[in-house]
Structure formats: structure tokens, C-alpha cells
Amino acid sequence: TGVATMKFKSPPVNSLSLEFLTEFSISLEKLENNRACRGVIITSAVPKIFSSGLDITEMCGKSVEHYTEFWRALQEMWLRLYGSNMVTVAAVNGSSPAGGCLVALSCDYRIMAENPKFSIGLNEAQLGIVAPFWFKDAFVNVVGHRVAERSLQLGSLHPAPEAHKLGLVDELVPEEKLMEKAAAVMAQWLALPDHARQLTKTMMRKAVLDRLVAHREEDIKNFISFVSKESIQKSLRMYMEMLKKRK
Amino acid sequence: TGVATMKFKSPPVNSLSLEFLTEFSISLEKLENNRACRGVIITSAVPKIFSSGLDITEMCGKSVEHYTEFWRALQEMWLRLYGSNMVTVAAVNGSSPAGGCLVALSCDYRIMAENPKFSIGLNEAQLGIVAPFWFKDAFVNVVGHRVAERSLQLGSLHPAPEAHKLGLVDELVPEEKLMEKAAAVMAQWLALPDHARQLTKTMMRKAVLDRLVAHREEDIKNFISFVSKESIQKSLRMYMEMLKKRK
Amino acid sequence: TGVATMKFKSPPVNSLSLEFLTEFSISLEKLENNRACRGVIITSAVPKIFSSGLDITEMCGKSVEHYTEFWRALQEMWLRLYGSNMVTVAAVNGSSPAGGCLVALSCDYRIMAENPKFSIGLNEAQLGIVAPFWFKDAFVNVVGHRVAERSLQLGSLHPAPEAHKLGLVDELVPEEKLMEKAAAVMAQWLALPDHARQLTKTMMRKAVLDRLVAHREEDIKNFISFVSKESIQKSLRMYMEMLKKRK
């Protein structure tokens, strides 16, 4: 059918570790270069979670070289996903904070399980950190400036019904219908001639992609200088301990 | 009353041919230079169709000189309409795909007959072609980035009720009330002092107008190189034959 | 609690006079420099009116030096308010046209008394004048391009329920609950770590703030040349006389 399904399977919470990001990028690249593949559905094999976002252990007590490599891998993944020539559909079958939300935001279409216990959002501010400008750009392109301004400042995690109301996801369906619906949406998008659709997508997304490409090294330096601060290291460690206790 | 009504009357479907576009521009210019005229209502004299968009015969098997003249005439019409100092109201009394949608998008206010059989949208992608960047800019200014991204990629033609829900048209009224409503809206807009209204309109639209002015020759070259491709010529010919069979 | 309340008290209508604007800026600066203060609630001590906007007497029959000083004070207030590091909540307990609307627009959150007799909007066009580009930028950031284009051209004053529907205010509450609600919203925003929230706010607002900073002198010249026109002086005098008769 020309459609691949990519299932995140990195328990317990599909954290975006350096390894995960690298594999994700390689998989996207392979599919992109495979002429038989025209679309990809992204979902999770882990119950209740789509992706929990950046792996905080990659950001704690590591070397500058490690931070650089990690951040570059994150940029690489996003440039591939947001700029993909394939049709990309996110089947969000669980919660999706921070970097997990970014993955969903970067697809062409977002379907979410209509479970109010599942939430999605760029909640970086809650952790005392700031979403990178390109997370923000992708977010504004989906929900508009005002919703983005409020949601980012509050670090909001929106329960599925609210996310739908805000336009952060396009559609809600019962969880058991999620993959069926994703396949139907994919078929609708693939009914269009690839070339015209791809050029149109590029026209819509190029400005935001170019902005990261132009400021890529600056963005890495910015991340390193931020994450190297003792105050940030401390709050990340506290956050990790809180997560451990929760389990 | 200072209000002109412009009725498109080029059966069967008000295609935007070179001749049509040239006449349209001249009419706009005359009204613009007529101090007695402060507003124009644009509608169709052809049943069920507002305008079917660009005349595909102008894009098939013609010379580079012809393509250049055609595209320049399209740009000229749009620069005049989108940048008009008059109040412009579209009374959309029929379907309005592609270039027809652009005409409506470029007015100050859009009223559409509330007939779900009438649809409107930038459906270029369905034909294997790509809407020019300035169609996209005008579209984003009306419906926002997300709706535009999805609608343009899918080449959607939105039935009137959906178009209203998306903000693509401002209001739906029964077809027999369309002109009455257009006149009432026009009166409301003309109640404002012209000078302040015009400066405000310019402030809102200048960035997008300037972008075409700055890239006008590039946009023409881009169109010619696109339309000269054998693959595009082929799909346009197929599309025309399909249209003929439909009749 | 780290929260200040600023109550506009300049009867009869809290006009933004040179003196008012200067005091407003000084108050904001003091609060900004006071580490104990993390948020400010802005409301009115005058019944039925939040602020009536720019004081027209400052714009009538004065010297170029006066116009310059007045406009610079307006810019200064806005740069401080829109760029404030504090959480800013507008408790809009009355009508709020023109510059009054700008004050509300520049806060992080807007709560309005749900009284349909209270209205809010950038109604400059009704007076034959044009809102400055930075009023427009702040407006577009809140309500989007299309709503702004229409509202600014018509100089609309939106009754509270309509303002809420358009996203111009975030929430409506009964007037007697306004301050209670403002305090609750403030507490929600202050629950976030200041530093991350401030950097996020800057990321969202910097482009628009920078645009005024870059064009500040040009904007002053523009105002002076506009306000010095005899036709504008005449319509402002007529407007003032109409206001006097109303009383």
C-alpha cells in the first residue's frame, strides 16, 4: 500500500534518548529513500504513552560533547520529520508531553485517542526549561500565536478533548479505532498526486525549517549553555527523582 | 450610492482567461479612478458558478510569450483587487474553485449562498499543480496557517457550510438574499471614513502585496518552467478532456 | 503574595493623558525592579470604564514638542507593559476602546466583566484615524490576521460576549467575581518558575517589540505628520465636542 507504520517501542515511556533519536532519523531516511513508501503512520507500542519527550538522563551530568551530539540528533530528527516528503500521520495513543508533542506537531495530521487521561502539550516551562524556538514555530503553525503564547508560558498539558478544541490535534477517536482511522486518513492524503502535495507542503513549512537550518549551531550552543547551569542541572535532577518515586 | 456591482458573465463557467483577466483589471482600474465609486460588489451572472478559476486552455500548448502574458495578467488582477482602496465584497453565488476562490479571498468580505452543493477552495493540488505563493499568502491571512496547510495539501473544495466554519467565507445567506445582504454589508463598511479605512487596509495587506511585487518576474519564470513540463501538460490535457466528457 | 494591583483612577474615563502614561510607566518600572513583585493585576477604579484610550486633548492644538513627548510616553508604556517580566492580568471591568484595548491586549491574560454593555476594540478607524502598526501587531498576535483585518477596518467595538467569542478576551465572569477570578488566574501563572516563563514570554513577543524599537522615531514622525493635518484636527475637535454634548 506504500504506507509504513512506525511503532515507538522503548519502554517504559518512549523517551527520546540519543539512541532513540538516531534510530528514528535513520528509519525516516530509509523510508524517505524508498520509492515504494509514500506515507508513514507514527504510533506507540507502549500502553498509555505516545512519547514522554526528551530523555532527561541525556541532559544530566554529561559532557559538552554529549550534549552537542544529543541536541544535533534532536534537530536532525525534526528536520527530517517536519520536512518529510511522505505523508506523516500521528496516531497518538497515549500521553505526549514536550518532545513527544513535537513529534505529533510535526506530522501532517494528528489523530488522538479520545481518552481524557491522555494529555499532550509543550510543558517545558513546568520543568523550568524553555522550549526551543523551532518547537515554538511548529506549535504556532498549528494552533496560532495566542494559544501558543498561553500554553507555552503555562507549560500546559492539554487533555485530549481540550487539545482537540484548541486545534492541537485534528481528530479524536476511540482508542480501538485509532489505527483504522489513521489508515483512512492516510488513504485520503495519498489520493493526491505526490509531486503537487510535496511542493505544497514545502511551501507551507520551508520558512520554519530554514530558520533552524540557519541557526543550528547557535541553537546547540544555546542548549549547552542552558543545560550546563548548575540551577538547571539541579532542577532536572529533582525532576528525575520525582519521576523515580512516582514509579 | 457610490457602489458598483461587477457581474462575471463568461459562460459556461467564468473561467479566468487572458481576456477575462484583462477586462477585470481594466474595470477595477476604472472604478478605482472614479471618485464617485467607493465600493464594489463582485458576483456572477452565471448560475451555480462564481468562477471556475484559471482557464486551462491558456495553459495548454501555448508559447512562452503567451504564458508570460497570461500570468502577468493574473498577477495584475490580484494586485489591483487585493490592494484596492475600494471596499470589496464577494457575493459568492456558486462554486468557486482555485482562481475563483482567490478572487473571493482577496475581497474585504465574503458572503456565500448557503447551498451545500456550492463549494470553494484552492484545489490546485487535485490537478497536480501547486497554488502560487501569493494565493497561499492570501489564504493564510484569511484562515490561518494550519487550515491553509491542510486544505492546500488536500486540494480541498469546501462545501459552503464547511467553508463558513473554517472562516473561508464570513457569512452564509439563502441565495435569494445574497445581493441584499451584500448591499447591507457594503453600507456598514462605507459608514467608515474612507481615508482611515484605506490606510488600515494597506497596513494589513502590504506585506503580502509587496512579496509578489518583489518576486513578480521570478513567479512568472516559475510558472513557465512548471507549465512547460510535458508531465504537467499531459495532466492538464487529461483534466480538460474529463471536463468535456462531464458536459 | 508578590502580586500588585494597579487601579486606574483618572475620572471621568481614565483617558491616557501624558501625565497618566508617565505615571503608568513609572509604576510599571518600580514594580518590575521590585524583586518581591512577580505579577500585576490591572483594573479600573472608575465605574463602567476600564480606559477610554488616548486623551484627545493631548492631540489637539498642541506643539510638535508636545506631540513628540506624548507619543514617546505612549510607546514607553507599551514597551514596558508588553515586554514586562511580570505576569500581567487585565481585569477589564468596563468599556475599553482604542488605547484602553491596547492596554488589555498587552497583558498575559484578559478577564472581562460579562456585561454586554461593556465593549472593547481598536475603534480608531471610526474616528478617522489609524491604529499604529504596533497596536495592530499586538492585536494580530491575540486574534489572528483575519479578525484583526476586519475589526480594524470597521473600527469595531465588540460587546463583551462577542469579544470573548473572537478571542479578544480570554474569559468572561460576573463583574462581582472579576477580582477573585483575576487573583486565581494570577496564582495559576505564578505557579510556574519565573525564569522559564519569562524567557518563553520574550520568545513569543520579541519580534513585535523589536519592530517598534527599530522604528520608534519613524513612528513618532508619522504620528506628528498625521495629527498636524488640519483635516485630522478638525475631526478630533468635532469628536471632542460630541463627547462633551453626550455628557
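Each chain carries a letter (A, B and C) given by its place in the written order, and its residues are counted from 1.
Keep this in mind: a contact is a pair of C-beta atoms (placed from the backbone, for glycine too) under 8 Å apart; a residue touches a chain by one contact, two chains touch by 3 or more.
Everything numeric here is computed off the predicted structure, so don't read it as measured data.
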Contact graph of the chains (line, ring, star, complete, other): complete
Angle (degrees, nearest 5) of the CA superposition of chain B onto chain C: 120
Distance from chain B to chain A - Cα centre to Cα centre, in angstrom: 36
Shared-contact residues (touching 2 or more other chains) in chain B: 144
Interface residues, chain A side, partner chain C - complex: 124-131, 133, 136, 144-146, 148-150, 152-155, 235
List of chain A residues in touch with chain B within their complex: 108-109, 140-144, 167, 170, 188-189, 192-193, 195-197, 199-201, 203-205
